[in-house]
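The structure appears below as structure tokens.
Note that the chains are named A, B and C in the order they appear, and that numbering of residues resets to 1 at the start of each chain.
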Amino acid sequence: MRHATHIADLGVEGLEAVLSQALAWKRGPHPKHLVEKILGLVFFNPSLRTRSSFEAVMLRGGGHAVVLEVGGGVWKLEDREGAVMDSDRSEHLKEAVPVLGRFLDGLAVRTFAANVDDDADNADPVISGFRKYSSVPVISMESAREHPCQGLADILTARETFGSTKQLPVTLAWAPHIKPLPKAVPNSFLLSAAAAGCEVRVAHPKGFDLHPSVLAEAERYASESGGSVSITHDLDAALSDSRVVYAKAWGPATRLGLGPENVKAHPEWLTSRAHMEKASKDAIFMHCLPVRRNVEVSDEVLDHASCRVVDEAENRFHVQRALVDWVLNGK
Amino acid sequence: MRHATHIADLGVEGLEAVLSQALAWKRGPHPKHLVEKILGLVFFNPSLRTRSSFEAVMLRGGGHAVVLEVGGGVWKLEDREGAVMDSDRSEHLKEAVPVLGRFLDGLAVRTFAANVDDDADNADPVISGFRKYSSVPVISMESAREHPCQGLADILTARETFGSTKQLPVTLAWAPHIKPLPKAVPNSFLLSAAAAGCEVRVAHPKGFDLHPSVLAEAERYASESGGSVSITHDLDAALSDSRVVYAKAWGPATRLGLGPENVKAHPEWLTSRAHMEKASKDAIFMHCLPVRRNVEVSDEVLDHASCRVVDEAENRFHVQRALVDWVLNGK
Amino acid sequence: MRHATHIADLGVEGLEAVLSQALAWKRGPHPKHLVEKILGLVFFNPSLRTRSSFEAVMLRGGGHAVVLEVGGGVWKLEDREGAVMDSDRSEHLKEAVPVLGRFLDGLAVRTFAANVDDDADNADPVISGFRKYSSVPVISMESAREHPCQGLADILTARETFGSTKQLPVTLAWAPHIKPLPKAVPNSFLLSAAAAGCEVRVAHPKGFDLHPSVLAEAERYASESGGSVSITHDLDAALSDSRVVYAKAWGPATRLGLGPENVKAHPEWLTSRAHMEKASKDAIFMHCLPVRRNVEVSDEVLDHASCRVVDEAENRFHVQRALVDWVLNGK
């Protein structure tokens, strides 16, 4: 049985297989490959693209999705072993997850980082609990550590534009926000781009480091794929000659000494046309969405012809179709 | 590409086409005309009839609906151009709408009036934003200015009862409520009835005028269809010989000088059997639902044989089936 | 037209028919028996198992479910006759229920006990209103008085384990909780087990009596099925030689003189391995879920091989498939 909750579940080989399948089905007719399959979509957090694209994947493949909103229409869930369950979490994953597996053919889960302790988020407690207790495949719709479907869609978008991602210079540029955001998306872009052979440049202000375990994993993928990873606080240097500018807000590496106010303390990192003009002339702009216009990125960047955010979002559908197939129909 | 967000999208001719199709499919077998179609149902506000009837339309036609609740399971959406997005609205229609169009075949939208400024509501900012940014057809499930599916269902109900609506005397009677309600439903009944050739009488207390642009549009439809429109503060005169009594609460024309307390200041407008007895002997009672019993309308009116509110609600299904076909399968 | 909101709708004969069908379809291939059927799932309260299992029943049978969350995405509903509707309940069952029946083929309803007055809950006002006003079959997904699908799943689980439930000693053991819970589940286990011919032992502390009308109804079923019902405050005696230990928290018989603090006043009723060891050596442990670990039941009981809670939950799917068939396709 396969799970797909982290890029490590795919590895370089699996990532290439899913991307090839996604592109083939995007360009040609695709089969009704999900007939009689029901995928549970378990949301601990809100969603627009993820929910509608996963439902579309299941329906267009001939299957169905069942949506469960934890803490909304569904009981809150406990994940801690040995807990005396006297809080507002009225059901344990130990019961909820195996039960869902008796009704459904797979479980896709969205559960954001608690965003209090980077080490705890990096250990990914909720989606790890789903993997541990599930009798059916588990797919990530974004968890504390990663958002692999987003990373796959990002790489597909870059490949459609430039033909190949081998040694492609791409810049992951930190962006300001009104609050500290989770690191799942920057982690996943970094991991996916490294696994796809890109020359990845991560640029952020001091204090906003990604987790060492993610950086080490990205290095491993880069050495396997022929790519590279570099980290810098110099945004201009990171943008120079880059073909992809990927803006993303995320919170500080630790809350100690870095309050939320520091998230707004770097307005010069708001991506503007001046930033784009430092990159390659054919550079495209990418962002996972939702994006706060004129907080993270200026209107003129988002409304420019080089902006690919809608195509990138469409590719969520295409990579998820291939990923669900890889998980539910794979060996 | 067709949209159906306002009666003006149909015009007199389109309205007749949709009503004819609705009646034909209600009376006979209807085809699986929506196979492979997925309609997104985007709710900014709650719904019972609308949600269940649109889902039923898609499923019985062989297609599917995907439900998205904005501000519930889905991010809140910004519609203002050039906004610095530092509020609780974390995504702009400029991104959200085109993205949904990549996954889905059409977008049905419910977004109530802000009910603060009649001119602003009449301009219908949210659904206009959907039309502007969407690459797929947009259907109204009620917006700030109109609720065209309700208007169509109302006319179908009157036609089923009386055979024709040409010169049919119908009365739109303002009703009290616990709070000021939007004007989309009275606007749509007025516009639809005028386009269907009715002799429309609108009766309301002073200060509750409908928007001048709606009245002017209704006049244009009446002159084309052979109907007429009149406005009065004299409910008894408006009821005299009327064949349809349509009760509906709505708020004042402007908040200036007319607080919410004034909404309850006209208890004599609560529709009772005494009102019905002033109308034609064969008059039917209609209301869009939900209705607050004994606040807007008395139990004895709603429980009387002349009450058609459930048939009227059923007709939402029939007209929506025809309207979705007109939009998704039309030329 | 059949409803299935209470065990009394089935009686001993109907219960046997549904259980036989459920077991036959669980063991062999099952037909697409729900093609073209749409079941509305109306939730006044949250759900995990019930929602996902009912959706799975409809989809795997070739039909569909439409989910409506009252007070969430759907208007709050009034059930009182003659109410002046000036509260936050903006629609009456008198309109909402017949309207839903025009769009959908059946209505499944979840509505918890108000838990203030046992007599009021025993009269089951909301689901009774659905039955009264519906033109299509009504199915309970748990109401104030009963949760018949749970009761049926419980009996199926016992029969799968022991072959027969005739004279099978089963113990319904009250359990502590952080708050007073409704009595629908203990009522349904008692009624179902009595109708299935079990020797039912109900054990609870003083002051937690089930409603006299439920006890009388269980006695009637037991006399018809060859079973028996006994009530005791002596848990050890009730466990002796029992084959099924069914733990369940519920609130006091009346709020007078028994505050919520009394719910926690009996920690010795938390089901532990010491309790299980007083029962028969082959005894199984059952619970309807969600269960609060180490508040109602200890980890060691729930993680022991004799625990059947996941199988029991799976059986919700199987009995509901047969029950929906009995209701929608029955004579």
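Heads up, the rule we're going with is that contacts are C-beta pairs under 8 Å (C-beta built on N, C-alpha and C of every residue); 3 or more make two chains touch, one makes a residue touch a chain.
Keep in mind that what you see is a predicted model, and the values were worked out from it rather than measured.
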Interface residue identity across copies chain B, chain C - same or different by half: different
For chain A placed onto chain B, the superposition rotation in degrees, Cα atoms, nearest 5: 120
Centre-to-centre distance between chain C and chain B (centres being mean Cα positions), rounded to whole Å: 40
Chain C: positions in contact with at least two other chains: 67, 72
Complex contacts: residues of chain A adjacent to chain B: 43, 46-49, 51-53, 55-56, 59-60, 67, 69, 72, 178, 289-295, 299, 302-303, 309-310, 313-314, 317
Chain A to chain C touching residues, read off their complex: 36, 38, 40, 64, 66-68, 72-75, 78, 82-86, 90-92, 94-96, 98-100, 102-104
